[in-house]
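After this come two complexes, each holding chain A, first together with chain B and then together with chain C.
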Partner chain A sequence: MRPILLAGHERALTQIRYNRDGDLIFSVSKDQVICVWFSHNGERLGTYRGHQGAIWTIDIDPTSTLLASGSADNTIRLWEIKTGKLLKTWDFPTAVKRVEFSEDGTKLLGVTEKRMGHLGTIVVLDIKPDVDAEQADEKALTIVCQESKATVAGWSYLSKYIIAGHEDGSVSQYDAKTGDLIYNLPIHELNQPITDLQWSHDRTYFITASKDKTAKLITAKDLEVLKTYTADTPLNSATITPKKDFVILGGGQAAMDVTTTAARQGKFEARFYHKIFEDEIGRVRGHFGPLNTVAADPTGKGYASGGEDGYVRVHHFDKGYYDFMYEVERERANKLAQAQAQAGTATA
Partner chain B sequence: MAPSFDHLREEDLDEEDFDMDEVDISDLREKYEVQLEQGYDAFVVIDGLPAVTAEQKPKLVKFLLKKLNTVGRTSEDAIFMPLGDDGMTLRFAFVEYSSPAEAAAAVRQLDLVPLDKKHTLRVNKLTDVDRYGREGRVDEEYTPPAIEPFQEKEHLRWFMADPAGRGRDQFVMFRGDTVGVFWNNEKDQPENIVDRQQWTETFVQWSPQGTYLTSVHAQGVLLWGGASWSRMRRFPHPFVNLVAFSPNEKYLVTWSNRPISIPDSGHPVLSLDDDGKNYIIWDIETAKPLRSFAQQDVTGAADDHAQKKPAKFPWPAFKWSADDKYVARLNQGTSISVYELPKMNLLDKSAIKIEGVMDFEWAPASVRRDGVKTYEQLFCFWTPEIGSNPARVALMSVPSKQIVRSLNLFSVSDVKMHWQSEASYLCVKVDRHSKSKKSQATTLEIFRVKEKGVPVEVVDTVKDTVINFAWEPKGDRFVIITTTEPVGATAVPPKTSVSFFCPERAKGNAVGNFKHLRTLDKKNSNAIYWSPKGRFVVIAAVGNSQSSDLEFYDLDFEGEKPEAEKDLTANLQQMNLADHYGVTDIEWDPSGRYVASWASAWKHSMENGYHLYDFRGELLREEAIEKFKQFAWRPRPPTLLSKEEQKQVRKNLREYSRIFEQEDAERISSADVAVVEARRRLLNEWYAWRESIEEEVDEERAALGLPDPEELLRKKAEEIEKARAAAADAEKAEEEIVEELMEEVLEETEEIIN
Partner chain C sequence: MAPPTKHDWADDDELEETTTTTDLPPPQKIQNKDGTWTIIEYRYNDAGQKVKATRRVRYVVRREVVNPRVAERKTWSKFGDSANDPPGPALDTTTVGENIIFRPSVNWRREAKDEANDPNAQAMKDKLKDKKVKCRICDGEHFTARCPYKDTMAPIGEAAGAADLAAGLDEVRGASAAAGAAGPGKKGSYVPPALRDRANAGAGERMGGKYGERDDLATLRVTNVSEMAEEHELRELFERFGRVTRVFLAKDRETGLAKGFAFISFADRDDAAKACAKMDGFGFRHLILRVEFSKKAQ
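Entry: the complex of A and B
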């Protein structure tokens, strides 16, 4: 698995996302530029310029038409992917830490920072999935986080709930229509912030990463913790791989805690765990700073990681990855294949 | 549940862990309350005075004052000596001191002190007189103390019986604020036996035979034991820092750097005599203090060198003889005080005077010397050169105080004494300097304690500095580590050499002369860890940030032996090399089967956790644990099998090992089956959940009439495709194909044929 090194950013990466087709990679960094790359060869397709501060977050609508980005310049911006044209800018009182499109691309949520007398909020914006349409100025909904500010948030399946991860380690479920809080559960260790929240393919469950050195797989419907993955370092990001039942975790000792003994201490590796058995399967080295973000190709062909070191590393899985199976998995696969073959002969 | 002293004193305890009836504080409370009401604490009552006339009274007062002022401050005005009807004094006096502490001191020191030949002073606190002196306060009739009915106690050696029947050993781990005890499960997760938050405040410690687990708190020391891990004993030494047991777990020494200060309200266990002391020797069985001692200033050798160093307290200050009968303390430069237990009186009422004595060490076992029939315990000590007298290393027998053997040495700069575990040998490492004091050399002098006349053998002269020495337990081989330069403040510690020594082959049961076996150069190792059963040894680089090697050696390798070493009783072979980054401590389990190494958060915060190896150095398990502080194997009491029975076991070892191997294999395969079974269950659960949730979402989606995002993508793709096709069509329509044929006559020639 030889990675492609994307050296297009000048500062630490903050988020990487694949589009739904898996052919494009969008990356944002503290250097105020959004980059888009071809995932298969790492060629840069272009950049989106305009933000006046570090960009914290990015998301792509399901049809790869529109791009939303949130930045420390207190704006969410909407771009046309194809042309790079800035379509709309929404202003907020504080920095925007997370944006996410709903599954049909008609809604966008943004998480705003708590600062300067403003409480952290989750805002919802209505989006017209048309590049020529005039986008509404008003927010469709604002959820104020009274207790502990939200650090990450996302839309569940059918845009039914908004799920948010908080600075105090808890996870909340809100009604996406009314903004009412349904649950707030202390999922991670108290006061260990949740650093990432990424969805499964069908948004019925999600994975959270936390500074408490664990990642957890949680159902969207009733916030039940299905699995826990324990690492030996604070985590910044976690993602679920399609096709294979794995999860990828990224993190590493924060720069201030890293000793001079370098890579050995830093634990700057992407860690693969088995999604169902919770076992650690392998690690991928390469970054020389903590991993700030990991993203899996929705088509299951590879993954990308972005580090504090300013590099994006794009990996394409090789044969061994696809062949790897636990005995019980192989058993199940064989059984399914057999059943299919039988069904096939029966219909024939 | 936090088993600390704070909690033990509270009355509203509801834990079943300790019995509130045990903690009797009623007397304390009573005392305390009485004192609050009265405030006559500075008064004492003196009885036993002679009866004198009013004229003689001032004389008596003056005379009495001399005595009274030896312990505190009082004056003539503060002495009230009432006169009786007959004009004579009533043979008692009230005295007010300037503080309650002085009054207490007066009671302690002046009571029963003779005033003259006929009269003896009786001094009591006024408050005590008030409390006990009044009619009815003290019961006139003697009531024998109630003897509590016998209660069956838990078996304290339960840990020797592994419920799994595998003879596993226990260990304790202290990580974060939690202390837990576990069964060692080799490669697998250790099996937790008990896990408690805040079980100790500073550290935990096993008693030498593994009976008790010691926890250390600001209020004192607690011992825990039995299968329920209940509190067995309490030793309330305030601000205790360190604890040491006697070898047979009969006694306990506690030490605090803060002198004990007994509050006015008293202490439930300690008395005012213990005020100002640093050490307490306790009887474990009764949990009562036997005697307390103050700290000695270690500025005995008052040269400039000693003053520069921060005050160092020798620990253990009190050293125990092998059978718990004696405990001794060094009075550096003058004497050794040997106390007899359990009375804690000085042996023959005086310390053993040894001029210049620098250090001493008890034999770790009761020795049977050749030709000596009487009971004795041995210790060795050394004295430096004083004037023209040579330095001396000697063995002394107790209780006879006879010098058994002594050895004179010259040009000595330092001496270290190392006993072999059975006290068969004593190795004295002598650092000598040349006359100019420029160069150093070390010799090893070995006392063969069990042989007739205690012969001494000089083994070798080592040019380098010996930084470590260790005897093989129950054996007769040893390892030393030397280094070229004295260990100083250098960035990179100098390379070290590891040397192995063993006796020559000799006829019969005799042990031959000690010979150098082999030296391994250019090492970073600084620590030696012998297996408690001998034969195997781990040489490691501990507490070194550059190197962290663990080398596992076998001294009875069952393979080919080098020709040059055929007369030696060892065959050295390195079995394995391991690396544990940041290792700070290493310990063998008591059976000699496993070695644990750990990186403690007390020393550094990098990669804290432990590794577990087998005796061959195969890594069995490694676990990184945040804030990992301490690891300790639970020691085992000595075996109950006789020599013959042990021999029998050794003879049938093959038979036993066959059974054990079979059991191991069965266990592993059944464990594998269990793992696969668990995985199968997880997998099925997962897919069952997926199916149900997918169905649910599909239904909801249909009910809400929402599109599938995949559908959106397809639509968009179609749109693009359509647009592209349309564009292509349009292009096609616009285009017109024009074909032009050009013909050009370049040249024309006519040729006439014919």
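Entry: the complex of A and C
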């Protein structure tokens, strides 16, 4: 496995996302530039300039035509992916920490920061999935987080719920139509903020990463914790890999403590856990700072990680990765193959 | 000393080819009924005879299904800061990192400790499994380098040789070797460099032997290399099979021309085996390379 190093950013990475077909990688960092790369060879397709502050978050609509970004300059901006043209800017009273398109690309949610007398909110914007269309100015919905501000949020299956992770370690479920709070459960340790929330392929469950050194697999419908992955370092990001039943966690010593630690002690590694057995099955080294974000290729061919060191490292898995199976998995695969062969002879 | 303009036989081969291509019938290409092509070419062989070569070729189109949306996006023109970049990855933004060995495993933690980042360590371990650590100086169960007597005693069996060599000083050394514990008392006395080497023979040997140890696992010996070859060319040739840790091309000290053999070390033995299979018989600079696993140095 030879990682491709993308050196398009001058400051720490904040988020990386693949588009739905897995051929483009979008990366944002605190240096106010959005970069888009081809995932197969690391070629940079272009950059999107316009933000006046650190960019915290990014998302791509399902057809890979529109791009939304949220920044510390208190705006959400909408871009045309193909040309890099800025289509629309929404202004907010505080910084935007998270954006996410709904599954069909007609809605966009944004999480705003709690600051200067403003409470943290989750806003929903209606999006017309067309480059030439005039986007509406008004917010379709605003959810105010009274207790603890939301740090991350996302759309569940069928855009039925909005799931949010909070600074106090709790996870809440809102009705996506009305904005009513349905559940708020203390899932992670108290006052350990949730740093990332990423969906499974069908959006029926998701993974959260938290500063309490764990990542949890949670159902969208009733917020039941299915699995817990325990690491030895605060986590900044977690993702679920398609094709293989793994999860990838990224983290490391907080940026401010880094100068006193060596690369080895800092635990700046991507950790692979088995999604079902919860065992750690390997690590990938390479970054010189904590991993701020990890993203899995939706086609299952690889993953990308972005670190505090300003690098994006794109990895394409090799054979050993696909071959790895637990003994029980192997037995089951063999049994299935046998049954299939028998069925084949029976019909013939 | 070689003459300054050395005649390379590979060059005159090319010359001949250019001078003799006259009055040959043009090559023909005929399509057969079964879909294959017959290609007929004429040439002169080494003895100057006209030779007709007939080849039957089948063209196979291999189709790869690519997502049309992905294919379309690959044709997009670059924009923003990359607008002026030529096609393909730009060197200032995209580089390829070092090879990472990632094999998921349930007990990776234990394995990581065992291997200690060295792919050859396991093989070394197997080799050393039956061996016991034995000091060459005092026969104790520690490494020679750690021996408390290493500065004062010659290795066992070499003490006699040392005595033969240095007739003048042998009494001093012999006494210290025999006395052992009394040795430290003699530590301050002058020992000529030639004899000091004797005492440190262990370390010297190890340094020389280091190449041998590293070599025999994943090192290829390449022979019949052209005199004009350069190390970086060989590196490029072999790098496609895996990470190359070392390229050594033997060169004549005076003329700077290659001597005709080289050693290529790989990080991974599997890569070396692959390279050995593929590169043996490869034509490089008009010569047919011979590639084999290097044998342990004597």
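As a working rule, the second predicted complex is superposed on the first by the 333 of 348 C-alpha atoms of A that agree within 3 Å, B and C clash if a C-alpha of one lies under 4 Å from a C-alpha of the other, contacts with A are read in each partner's own complex, and residues count from 1 in each chain.
Note that in this section a residue touches a chain if its C-beta (ideal position, glycine included) is under 8 Å from a C-beta of that chain, and two chains touch if they have at least 3 such contacts.
If you're wondering where the values come from, they're calculated on a predicted model, not measured in any experiment.
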item	value
Greater residue coverage of chain A in the superposed arrangement, chain B or chain C	C
Contacts of A:Phe92 with chain B and chain C, given as first, second, both or neither	neither
Which of chain B and chain C A:Tyr326 touches, first, second, both or neither	both
Which superposed partner A:Val33 touches (first chain B, second chain C, both, neither)	second
First (chain B), second (chain C), both or neither touched by A:Trp79	neither
Touching partner for A:Phe268 - first (chain B), second (chain C), both, neither	neither
Touching partner for A:Tyr18 - first (chain B), second (chain C), both, neither	neither
Set intersection of chain A contacts, chain C complex versus chain B complex	21, 64, 326
Chain C residues touching chain A - in the complex, by the definition given at the top	67, 69-70, 73-74, 76, 78-83, 85, 87-90, 92-106, 108-109, 112
Sites on chain A touched by chain C in the complex	1-8, 21, 23-24, 33, 37-38, 41-49, 64, 82-84, 246, 272, 279-286, 313, 315, 317-318, 320-321, 324, 326
Touch list for chain A against partner chain B, complex	20-21, 62-65, 103-105, 157-160, 202, 204-205, 219, 221, 226, 232, 245, 259, 261, 264-265, 276-277, 326-329, 331-332
Complex contact set, residues of chain B against chain A	545, 581, 606-607, 624, 676, 679-680, 682-683, 686-687, 689, 693-694, 697, 700-701, 704, 706-707, 709, 712-713, 715-716
